[in-house]
Amino acid sequence: MSGVIVTNPPKAAAEDVEALAAYGVATVSEAMGRTGLLGPEIRPVQQGVRVAGTAVTVLGWPGDNLMIHAAVEQCGEGDILVVTTTSPSTDGLFGELFATALQQRGVRGIVINTGIRDTQELREMGFAAWSRAVSAQGTVKATGGSVNVPVAVDGRVIRPGDVIVADDDGVVVVPREQARQVAEASEAREQKEAATRAAFLEGQLGLDRYGLREKLAQLGVTYQSYDEYTAGERS
Amino acid sequence: MSGVIVTNPPKAAAEDVEALAAYGVATVSEAMGRTGLLGPEIRPVQQGVRVAGTAVTVLGWPGDNLMIHAAVEQCGEGDILVVTTTSPSTDGLFGELFATALQQRGVRGIVINTGIRDTQELREMGFAAWSRAVSAQGTVKATGGSVNVPVAVDGRVIRPGDVIVADDDGVVVVPREQARQVAEASEAREQKEAATRAAFLEGQLGLDRYGLREKLAQLGVTYQSYDEYTAGERS
Amino acid sequence: MSGVIVTNPPKAAAEDVEALAAYGVATVSEAMGRTGLLGPEIRPVQQGVRVAGTAVTVLGWPGDNLMIHAAVEQCGEGDILVVTTTSPSTDGLFGELFATALQQRGVRGIVINTGIRDTQELREMGFAAWSRAVSAQGTVKATGGSVNVPVAVDGRVIRPGDVIVADDDGVVVVPREQARQVAEASEAREQKEAATRAAFLEGQLGLDRYGLREKLAQLGVTYQSYDEYTAGERS
Amino acid sequence: MSGVIVTNPPKAAAEDVEALAAYGVATVSEAMGRTGLLGPEIRPVQQGVRVAGTAVTVLGWPGDNLMIHAAVEQCGEGDILVVTTTSPSTDGLFGELFATALQQRGVRGIVINTGIRDTQELREMGFAAWSRAVSAQGTVKATGGSVNVPVAVDGRVIRPGDVIVADDDGVVVVPREQARQVAEASEAREQKEAATRAAFLEGQLGLDRYGLREKLAQLGVTYQSYDEYTAGERS
Amino acid sequence: MSGVIVTNPPKAAAEDVEALAAYGVATVSEAMGRTGLLGPEIRPVQQGVRVAGTAVTVLGWPGDNLMIHAAVEQCGEGDILVVTTTSPSTDGLFGELFATALQQRGVRGIVINTGIRDTQELREMGFAAWSRAVSAQGTVKATGGSVNVPVAVDGRVIRPGDVIVADDDGVVVVPREQARQVAEASEAREQKEAATRAAFLEGQLGLDRYGLREKLAQLGVTYQSYDEYTAGERS
Amino acid sequence: MSGVIVTNPPKAAAEDVEALAAYGVATVSEAMGRTGLLGPEIRPVQQGVRVAGTAVTVLGWPGDNLMIHAAVEQCGEGDILVVTTTSPSTDGLFGELFATALQQRGVRGIVINTGIRDTQELREMGFAAWSRAVSAQGTVKATGGSVNVPVAVDGRVIRPGDVIVADDDGVVVVPREQARQVAEASEAREQKEAATRAAFLEGQLGLDRYGLREKLAQLGVTYQSYDEYTAGERS
């Protein structure tokens, strides 16, 4: 893996990132047609924090943080660092010193497909983090890799400049070209959900609101009293 | 899977459910002869909350929340929704809108054998939840299933109307017919534990309190000084 | 497994344990040459707590807490109980009653390679715990095992009297003979990190501070503008 | 868990078991409406073997094979032993000596929700086995349990006398009352699949055979040439 | 997820696919700079088979095989079907009937990121398969998806027309534009390995062949006799 | 981790290794009091092969095979290479070229706590292998480690010169000082098992042979007819 550090990739527009920051991960993913999510094993280190920013991507070697050092220089205001490795690893490639350097540059958080460390310190300094594992295992700086190339995590491709939205539910990636459109669709979805919430609070059922009674009938789902059901079970 | 929605199943008596609500999951399971627990991968979304209620069960298709809509109508005061799928899934089948509808009906929480989403919102609205995963992955409404049939999760059978007790240690299921008896056994165990706690606080050893020194001797467990032991290791 | 309870093993000096208590798990592991960590699946039950103490080790049978009772008698001021089983288990071998007995004896916490229960109670009483799982599954007292013999967890050997340091990042084991030396190396590392932190806060890059630009060049990692890179990708 | 050994439970009729033995696990599960399967982690120890028989169930303690000894006496011609434990375990509770005793009694195989050992010997003696793990870890005989009570594995309930069908694809459970009906449905499905196979061999598409083109259109799935698609992607 | 079926994507040249078919997965991945591998959980259903072909990709819904039906029509001579789902699933989306249809069209095998079934039949008919799980769990045909769009599995992007090489070691993906170059690099690597093999058979050490003694010294790795080492350990 | 290569460690006597080679892994582990096993995730690459040999141990960095090169020189007739890494990894650190070099030196196999590759070639050349994963992921040679120091895998310590016995059931480690004693105990156990096998073939029950009926009674396990049991369940 020769390795390349790509400079100045295009990024989603800052205003679109700000617009997306108003919506939760679930809403943004729904607005994208139920796509874009990293898997459920990428978990936040803190609780109750939501961030949105533009991805600076790192593809490194397991147990090696050399390329994160190279990536810091490519990071700036409004970015979120996205780190993965060429093969699975739980080592703690990232901790408080890196977070200090990134926070100083205006970076909003990290999404890392390995372990992370100094979790208490990260919470105290308010640097948002999502990781696959928590591990204090230290690393070497011996093997090359790449910065700002497209990477894939859990079946999702993340390109530099794509928008990352992350909260307690996980992480979603919005392709940079779709940022505005997804923000608008998120707003539409949120309004629709607000109407549904109001209806549910007044006691309407989803069965009626979404017309699902007919669907159930079409699928052959039937209603039985408990006595009918248990009679059938024992016959 | 044709699918059936069973109406008005028998439920454990409300007073027995209230009685069980006074005890932790560990106590209730011990009182049932160390049975009834769902496995350790079903974790709470919040901390420090304990609930007890009667199960309304859902068996759905992975990636599909149609049958949860059907189940809402079957839920009422004091229930806990229990959701599983025909094969393993981590998708976020349940979120804040469902919780709104259920909370409005007096439902006390959810135990779901897949993913859950809107976790921050659930905590804020005080709707208690236990799940196998946290995931914002949205779902379809395309395939039938059943409501209020017996389901099995992690080797435990849960029937509609059985009592669910859940806290930070996990989830335990009490067959509805045994609710009173288990509540009484839980009270007995709690009193026994209180006596043990008092004895331990005064320095008594479990070895003496439970007569385990003889057991150790019978099993051939011996005492050696460190010097004896290391001499034996090197000989 | 005949089983032996070893009495009065040597322990790391109390002053060295105190010295180590001043450093986080990540720092101590780095100071040991990036070794000594238990794996990332051993997680704390609480947040924001750091402890250091001397290990009392237990090797028991899965689903059986007999040997923990035997171990309580061997525990004293400044110890940390370390429990593992002869084969993998998630059962809740340890809970609030054991913690009460241990706290009364001055024990500082537990590291357990199985499940733990009564987690809310442990948090309330301030008894620190790290475990592989949370489970209310109760246990029997039927099979022998050993106390204060060397055990291995996640590829690390823990001997009685070794120093355990644990915090939100996990658990590290320091061989008792190396306690002082590791404490000194931890202090040195912390000072070095403080200098790095200050430099990073002033905007210095790790690339420059650690001389990594030359390393990247040696490894053949190159810089390309986004246009150069995408041109290469499509050619 | 006091424990009970239930004698002479009802069993599926031998002729229905034989009928089911003619079909693969996938066919039988489909014939049951896509239900009844144990999960994909229960794997065969051998390759190319299919068995069908009536379940004798065991619920034991992890790391303890006492109740398997009790179960042997309850086993007879045409049975399949089904073993699970009260909490998860990978220990090798079953090996060649048990298989010898069971084979002598006409038992056709074992499905075990823990580990198994002596796998090479089992293959040599032709005793069919499905397990969650392979492990030589030996066990004790210290804790009670039950024989021929309903057990649950991977979300499926297995009662004594139910039919177990197992092959390279896994294990399916047919409730004893449904054995004949499921055998008939399996035959119907097999005939339907034979017709489909013939059609596919002649080049017919599932899209046409099942009328799925309309379904795709209804769902909004569209066809695009590669050029149209990539143009859309870049716009 | 609206869904699109992309027709006639570009494919790697047949002669380059044939060239790649001569090399094992490990060699091809090394020739690509140690990249391109799907993860170790994608395992072959058979043993001793190697295939190479061009990818036809499917992105479907968990528990739903509708889009595989749509994909069959897009498959032809020399293709390999690559199937993944929008979220994790172990269901058996693919079996012998699909394989019959594909084999009739000249398709060489399947790589599927879920479960597969009819494994014994697949082996008997010589249809090569790699999957994440073996499961007889049947599916529905209810939800849309896409065919011949780029998909990501285990952190690797697979585009339609890319070359898939698979054997007992797993699966590697070669971007279609790089097929020739990687085939050439594979040949070069194989020749280099042949020379190394000959040297190793004559007793040469990798330490000498690759000049690693100096590397070890630079890294501070030292040689000690066992007596020196154990003396150091105990001091 | 500075790293050390320890030369000429003591080894178990060749005659004791040969004696142990006569017994299966399960027998040897039982003869050691049910200890010594590596966990069930370490699986053989081949079927039907049993080896015994003396351990040469390697502790390397994840994704790095430098120290295996250093270890080859320390290997000789009758050895088995045992490889682990400082943190978890599935990379294929070992393949056919290493096996060629080792086989030329009389090494009998490998046990590796990561991935392995060239599995088909290893089977063809008859080089026995046990690994945690199969992966073609290549490695670098960049970071130091140790050879012939004690390592721990799955909670077992393996020292250089200890005896490794491995077969289809997994891997067991016998401390070098106990090799003779364990071989004798294995022989005793095998004779005892032969007698049990003969008795089982004549229809004797384990319940009677091991006197377990009394044990069951003591534990409160009772016998009930199916009718009694189901009556109790419904009362």
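Labels for the chains are A, B, C, D, E and F, by order of writing; each one numbers its residues from 1.
Here is the rule we use: a contact is a pair of C-beta atoms (placed from the backbone, for glycine too) under 8 Å apart; a residue touches a chain by one contact, two chains touch by 3 or more.
Keep in mind that what you see is a predicted model, and the values were worked out from it rather than measured.
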Would you indicate which option in B-C, C-D or C-F repeats the interface seen between B-E, with over half of the contact pairs matching by residue number?
C-D
Contact tally winner between B-C and B-D is B-C
Give the label of the chain whose average Cα location is farthest from that of chain C.
D
Need the CA-centroid distance for the pair chain A / chain E, whole Å please.
27
Touching at least 2 other chains, the residues of chain C are 2, 34, 37, 39, 86-88, 90, 135, 137, 143
Which of the residues in chain B end up touching chain E in this complex?
61-64, 86-91, 135, 137, 140, 142-143
Chain D-touching residues of chain B, taken from the complex the two chains share
1-2, 33-35, 37, 39, 84, 86-88, 113, 150-157
Taking the touch rule as given, give the residues of chain B at its contact with chain C in the complex, in rising order.
24-26, 29-30, 34, 37, 39-40, 43, 47-48, 167-170, 172, 193, 196-197, 200-201, 203, 205-207, 210, 212, 215-216, 219-226, 229
In the complex with chain F, residue positions of chain D that touch it
2-10, 66-67, 69-70, 72-73, 90, 92, 95-98, 100-101, 104-105, 115, 117-121, 133-139, 141, 143-146, 148-149, 160
